[in-house]
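Look for subunit A in each of the two complexes below; its partner is subunit B in the first and subunit C in the second.
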Partner chain A sequence: MLSIFLIGCDPWNLPGGGNQFIESTWDPAVVAASDGVYVRLPHAGRLVRVKPDGTWSQVDLDGATPEKLIPTDSGNGLFVVASWPVCDDDDPLVVNVDDCPGEKLGTEYEVALVQDGKRVGNAALDGVAPQVNAAVYSHDGEMAALYLDYNGEEIVVDGLVNLNEVAFVNLGSGSVNRVAVGFAPETILFTGDDKRAVILSRSQVAVVNLDSASEDCEAWDVCVTYPLTLDADQAVVPNNVVLVADGSYALVSITSKKDVYVLDLVNESIDLLELDNVPSAMAVDEANDRTVFVYDSAARIDVVEHEFFELSSFSTDEPATSVVATSVGMLAYNDQNYHDVVTFDAATGDWHEQRAENPVMELLVAEHYAVATMRPDNYTSGSGTSAFYDENYGFGIFPVSPVTGDDPIDAISLVLESEPVGLALSADDEGEYALLLLDGVDTLLKVNLGNASADEISLEAPPIGIQNSPDGRFIVTGDTGVGMLSFVDPVDNGVVTVAGFATSGLAAPAVLPRREEKE
Partner chain B sequence: MLSLILIGAALAGDRELDVHLSVQGSDDPGWNYLSEDGHLTSIGLRGGYPLHKHLVLVGGWEHGAAGMEFNSYDDSGDDGSETSFQTGSYINQFQLGLKSGFGVNNWAKFYGTVQGDMLYGIVRVDDDPDDDENPGQVEATGVGFGVLAAAGFETAVPLGKSGLSLAFYGELGYTWLAPTHIGEVATIQIDGVSGRVGTGLRF
Partner chain C sequence: MIRSTLIALLVSGCGETSDMYASEEAGTSADLAEGGDADADADADADGDTDTDSENEDDYMKLAPAATDAYVFVANPGRDTVTRIAVSDLAVLTTDVGHIPSTVQTTSDYSLAITLDEGDDSVTVIAAETMEAQSVEIRDNMNSLSLSPTGDFAMTWYDPDKESLGSSNGVVSFNEVSFVRLDPPEHVPMAVGYNPKGVRWSDDGKLAVVVSDGSLSVVDLTAAALSPTRIMLAEDELDAPVAEEVVLTPDGLYAFVRQRGVETLQIVDLAEGTVTPVDVGEDPTDMDVTPDGQRLAVVARSARQIWSYDVDDPLATPSLLDFPSDTAWGAVSFADGGDTAVLYTTSALIPSLAVWDTTTDFFDERSLIKPVKAVALSPVGDVAMVFHTKQDADDTDPSEQFYNEWAVTLMETDGLGENRMVVEAEPTGYSVTDDDRWGFYVMDGVSTLEALSFESLLPEHLKLASDPVFVGTLPGRTMAWTSQQHELGRISFYDPDADELNTITGFELNSDIEH
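Let's look at the complex of A and B:
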C-alpha cells in the first residue's frame, strides 16, 4: 500500500529491493552514422539506433547479439559482427537460452551491413568471416574492404577459418567478393581511381583488380604480387604503406627494418630504398609530390621525391614519432618524451619549430592550427611555472604557418583541470575551434583557437568520449548506466541530450532465435 | 454432518468485500531481473456479488511493487568504470471471474474460483534517484492478459445481529499470464503458484 501512496506523491521515489551485478548495459564506443547513432547493448544483446530527436529503436538483427561495430567512412551505415545462440534440441518447450541444456548450446556468427536502422537485404552478408575487425573504404565511399587486423584479441574459430581473406563489400547492394591474399593482411589501400586495392600481408604485397571493365586482369583477381622476400623462412611484416599522389607507386615500410620497398604499380616492378634508421612514420606531401620519413631514434627528417626516388636528409633538434600533412607543409612531432613540434617544407628542407610544454598525447590538424592534448611530464624537473605545467595535463595550440625564415608564431599552452578524454575540431565563419572533454568534468570546452578563449557547454553527465557525426554535429557519450548521448551543435553550442536507451531489453529473457528456420 | 454441509451451502452466496495479501511466484527470467526473489507480493481488494446461491461474481484489483539496484561494469575502455541505476516495478492486476463454494457448517466453507486476469505494469528506471529532474529517468508501461484458478477455505464470524459477518480466508492456486512487454524495457511473465490470505465482510 505504501508504494501506491509513494507513486501518488513522487513517482520517482522507487521502492528499495535487491541488488544485481550485470554485464555492461551499453558500450560507449558508439557509431555515428548519417541516420543516427548506433549503440551496442551487451547486457540486453541488442543494437539500438538513437536519433537526435530523442527517440531510439531496436535494430532487428533476427535475434543476434551485436559483438562488434565497424563504422563506415561515409557514415552510410555500419558493419555489425553478431552472434546468435543455437540449441540442438527440438523440444518446443525449449524457448529461452536458459532452457537449453549446456551441452546442446552453441553459438554461430555472422556479419551484417546495417543502413537506415535495418540489415541490408534483411540478411547477413554472404560468407564474410566474423573475425573481421577492420575496414578500409574506397575514395568514392561505395566499396569497403573488411579484414582481420590481428591485435591479440581472442579469435573465435568455428570449423575452418581463413584469416587471410579480404571481403570487398558493395555498400549499396551488400554484395560480397572475397579475395584470399598472402598471410595475415596488415593494411589495405585503394588507388586514387578506386580500380585497384593494394593489400599488404606478411612477406608480400598484392594488387587486386576491382574494375570489371579491365582487360588486363579479371575483376576480384590478384593481378600482381610483389614478394618482399625470396626466403620463405624469413617473415617480412609490412608496417605502413603510402600511395604517391598519382597512385603509380606504393611505398611500404617494414616492421623493425630500415628498408622501404618502392612498388611500381604501373610497370609491376619493385625497388628498395635504404634508410639509415627504422622509420617511425611516413606521410606523402601531395603538394610537393614527396614522401617524408621521421625517426624516433634520430633527429632527422628524410625526404624522397617521386620521380627518381632520391633521398634527402635534413637534421632537426629532436627525433619525431609522427608526421602529418597540413595546409602549409608537413608537421612532425613526438608523442614520447620530446617537446618539439616541427613544421617542415619538403620542397626546400627548411623547417621551424614550436615547443609543446608537455609531451603530446593526441594531435589534430585544422586549417590554420594544430592542437594537441598533452600529458604530465614525468621526466623533466622544471621549476616555477614550468614545474606546474609538468605536473598537469595540458592543451597546446600551434598556429600553422609557412616556413619562410621568419620565426613561427608562438604556440599557446594551457593547463587542464584533469585528463583529457576527448578532442575534436570544428570550424565556422568566425574561426576554428577545438572541442575538449575532461575526465570527471560535466562540461564540453569549446576553445577558440584564434584567442585561446573557451566557452563551456554544459552536459548532463561527465563525458567519456566525443566523435564527429556525419551531419556536422558532435556526439558526446556520458558516464551513466542507462545510456546517455549528447548531440552538440558546434555552431550555436546547442545540446540535445538523449538518455535511457540502454534500458532497452534490460529485463527480458534471452530467447533462442530462428527456431522456426531450423525446423 | 450432511445436514451441516447443506446448511453451510445455503450461506454460500453472500455479498463480499475483502482485502487480501497475495504472493505470486514465477520462474520468469525477465521478472527475475526486476524482483530480488522472483516473486510478486501484492495487496488487493476483492468484491463479490451473488449470481446464484452457489455462484458469486468476483472482481478485484491487486497492486505489487518491487525495486532493484543494478551495477554494471564497463570494461571496454582502458580503465573501465562502474555505473549503477535503480528500477521500480509496479504491477497492477485486475481480475474478474466466478467463485463457487460449499459450506462445511455455519462458519466455514471450501470454495473454488476461476478469474480472468489483466496486468498493467509500469517499470521506472532512474540512474540518479537523488535528482528528480535528471534525463536518465525512463518509464515504460505494458498490458498483459491471463487467468488464475484457486481453491480456498473460508471461515466467517457473525457480527452481532446486523447480518454482517467477518470472514477470514486463505487460497492457493496458479496464475498464468502471457509474456507481457513493458515498453522496450522488460518482458515479464507471471507463471506459477499463487496464494492469498485475506479478510472481509459478508453481507
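Let's look at the complex of A and C:
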C-alpha cells in the first residue's frame, strides 16, 4: 500500500515519476457538479467531493468503491457505479478483506445517485444494472435515462446483463423505472416536451411514454415500436437520431447505409429517405425547420425540409464529416483531411467557406465565433508559412456571419506550442473567449476571440483536462499524483487550486462493508 | 370507378397472340370497372388479357394498389396486412387481414376496402376510414375477386389460368363461387356453371351474372336467399365455345354474349332465361355499350363494319356502319363521357386509327407513326393517348426516326394537334385523370412517371426513386399515384397542378409497427 509520507520529495507527485500513478490514486476524469467536483480515488476505493474553497470530503458510499462516474446534464449530482466486497463467511473475526478466504470473497455492484455529497435516499438506486455507462437527460434536467452503450469495453457480468433495458431515474427522488426497449439501445432522445423518449436499438426504435397524464399510453410503457427492417436476420444498427423542432418527427440514420428513416411520432408511421451517400453527420436547423446532411465521401450538403421531406442537394468544394448549428446557419467541417469550414444557409442553399490551415481536431461554436483545435497536416508538402502551419498544432478562430453573398470574414489561425488537450468557451460582457490547454504547458490560455489576443493563466502544474462547471467556472485537472484541481474564473482569470485530495483514505484498511446488514 | 391501371398494355398485346382469346380490345383505364381487371367484360381474361402477366416480380409488388379519392390501399401478402396511405399527408395506417391477402379493391363509394385472403380462404372487409376489419370465410382456393358497383357484394372464384398466392389444400372446385354480402360480412356459397370466368353486375347492383363455360348463372341480389338461375349457352358445357365478352345492359334485362369462333351474338333475356342468337358481321372481335347506354356496338373486323344494337330492344334489326376504308380494325373504345370513340387494331401492324363521332357517324381516319399497342381516350374523348408497338409496319423505312423504337402519340381527336414521341422503353401502364386534363404512363425499367398534358400535349418527366410497377389516378382528383419497386414498399403521388411529387418509402415497415 502506498504511504502518504513518501510524497515528500515532490509535493505534487507520488514516487515513480510522471503521472503513471494517477490512475491508481485519482482519476482525472472528474465530474463537475453544482455542489463541487467529484473525484474517484481508485486505490483508496473512495469518492471525494472537492469544493472551490479548497476543502474536500469523502462521500459515504456505505463502503463501496466507485468504479465509474456518470455526470448529470444539469450538474445536479452524478451517478456512481460502485462495487463492494462480500465475504461468504459469517465469522465475526472476518473484518477486513484480507481476512476473507479467497474462495469466499466476491464482489457486488450497485448504482447510486449522489447529490450534495451523499447518496440520494441513502441507498443505491433500485434495480439499475451496474453495467450502465451512458446517460441522457430530459430537457428540464429532472429525468435521466441510463443504459449500456456497448462500445467494446469489458463488461462485468454480475449474474446476468440485460442489454435490452433503459433505466429512467428521477433526479429529484431517485425513483427508478426500468423499461425493456429492444436489444442494445444505442441512442436516446427526449422529445421537446419531455413527455416521451425515443430510443434507438438494433433494428428498431421504441418510443417510451414518460407522461403519467397521457391517456394514450401508460407511463413507462413502450407506446410504439418502429421496426427498421422486416427481415429478422438483418441487423439494422442506428447511427444517429435527430428530432425536428416540434418533436413530431425523428430522423434516424443507419450505420453504413444510405437510408434515413423518418419516423412520424404523431401518426406513428415510417417513411424512408434514400440518400446518394452514407451520411457522416446530420443536424437539425431549427430556425429553418430543416435537417442538414453532410458526407465524408461527397462534396455535397443535402437538406430535407420537414413538411414533405423533400431532399435538396447543394454542391460544395470539399466533403464534410460534421455539421453543427450556429446562430446564423449550419456549420459544416471535416475532421479528417480537408480544411474547409462552410457556413451554410439551409433555407437558400447558399454557403460560404473559410479555411482551416490544418485539419480540425475539435470544433466548438460560440455566439459569434467557432473555434477549432487543429492537428499537424501530414498529408501536404507545403512550403514557407504553410509548411510551418502544417508541422504544428493549430488553433482556428472562425467568425460566424450570415451567408449574404459577401465574402466571409477571414478565419484566424494560430500556431500552438504543443498538442491541445482541452478546449472550452466562455463569454462575458466584453466578448467571447476560448480556454485552451496545451500538453505539458502549465498555463491556461484564454484567447479573446475578437482580436485573437491571449492571456496566460498560470497553473500549479501542467494541465491534462478542462471542463465546464455548472457555476460558470472551469475545472482544470493537473498532472500530479496526489490530485490537483484548479477552479478557473473566466471573468477575472482567478484561479483556485486544490491539491492533495487523492491522499484521502489511502492509509485506511480495506474493511468488508455491510457485514451487519448481512447478519 | 377504380382508376387503377396497370398492365393494360401488355394485356392487349397478349391477347393478339393468345390461342384462347381472340378479342383485340385493349383495356383502358376507363375500362377498369371490374376492380382492377382491365377488361370491360365479365371474365377476367376474356378480352385476351393475361392480367397477371405484366410483372416479373414474384412478390407482393405485383399486387395493384386500390385507390379512393383520399387513400391508396396496398395489400401486404407477406405480412397479412393492408396498408392505407393517406394522399393528403402520406400518413400510413395498417390493419391485419386474413392470411396472404392477394387482392385489394375498394368499393365505389370509397367506404370499404376488400381483400381476398388466399392463404386462409377468407374475404376481409375493411372500413376505409377506421381501418376496422372483419373477415369471413369463403370456399377453398378462390383466387379472383370482383365487387359489385354499389359495393354491396363481392364475388370470388377460382381462375385456373391465374396464379394463386396461397392454397388451403382443400377441394378445388370448378363450379363454385363465393358471394359475400359486405355489410355485415356474410358468406353465400353457390355452385354455378362449369369453370366460372367472372361476374358481371348490373349498374344498380341488383343482379349478378356469373359467366361460365357454356352457361350464365343469374343471381338476384335482392333476394333474401341468394341462388343461381342457370341459363345454358351451349348444349355441352364441357365443349362450349368460350364466352369472350359478356356485356349487361344497364338495366340488367339482357346480356350480350360474344363467343369465340361464333358468328352470331347471343342475346340472353335474363328474366326469361332465353337465349336468342342474332346475326352479327363476319369476325366479331370487340363490343361495347355506348356511354349513353343506348347502343351496343360490335366490331366485325372482316366485314369492316360496326353492328349497332338497340339495348332496349336488342332483337330489333341492328344498324350497320361501314368502316371509312378497308382497314381491318378490330377494336373500339368509347370515351366515358362524350360522343367520341376510336377504331383501331392491335392484332395487325396497321399504323392507323379512326376517330368515330358517334353523333354523326363520321369517321376521321388518322395515319400513325407506328402500329397500335393500346389506346386510351380522355374522359370526354377529345384527346387520345396512343401507345405504339415497337414493331413497325411492313413497309416502314428503317431510316425513320421511330423505326424499331417504342413510341407514344398524344393526339387531339377533335383537332389536328399531335405530339409524337419516341420513348425510352415499353410503356407498361397508364391512367388518365377524371378532369380530362392529364394522362400518365410508366415504362418498363425506367424510373420515371410520365405526365402528359391534354391541354398543351406536352410531356413532363418526373424522376422516381426506383422503377415503377403500377400507375393510377385518384377518382375525382387531379392526382396520380405510382407504386414502385422497393423491398419495403414505395409509392409516389403527383399533383400536376402544384407540380409536387411526394413519395413515401418503406411503408411496408408500418405493418410491423407495434402500438
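Just so it is clear, the second predicted complex is superposed on the first by the 496 of 519 C-alpha atoms of A that agree within 3 Å, B and C clash if a C-alpha of one lies under 4 Å from a C-alpha of the other, contacts with A are read in each partner's own complex, and residues count from 1 in each chain.
Just so it is clear, a contact is a pair of C-beta atoms (placed from the backbone, for glycine too) under 8 Å apart; a residue touches a chain by one contact, two chains touch by 3 or more.
The model shown is predicted, which means the values in this text are computed figures rather than measured ones.
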First, second, both or neither for A:Asn277, with subunit B first and subunit C second: neither
First (subunit B), second (subunit C), both or neither touched by A:Phe308: second
Per-residue contact with subunit A, leading partner among subunit C and subunit B: B
First, second, both or neither for A:Gln467, with subunit B first and subunit C second: neither
Which of subunit B and subunit C A:Thr225 touches, first, second, both or neither: second
Subunit B versus subunit C as contact partner of A:Gly505, first or second or both or neither: first
Subunit B versus subunit C as contact partner of A:Asn267, first or second or both or neither: second
Touching partner for A:Asn133 - first (subunit B), second (subunit C), both, neither: neither
Subunit A partner contacts - residues on subunit C that touch it in the complex: 78-79, 89-93, 465, 486, 488, 490, 500, 502, 504-510, 512-515
Partner subunit B, residues of subunit A touching it in the complex: 1, 3-4, 7, 10-25, 27-29, 43, 58, 96, 98, 460-461, 464, 479-482, 484, 497-500, 503-510
Subunit C-facing residues of subunit A, complex: 222-230, 259, 261, 264, 267-274, 308, 310
Residues of subunit B defined as touching subunit A within the complex: 28-31, 33-37, 43, 63, 65-77, 81, 83-88, 90, 123-129, 132, 134-140, 182, 184-188
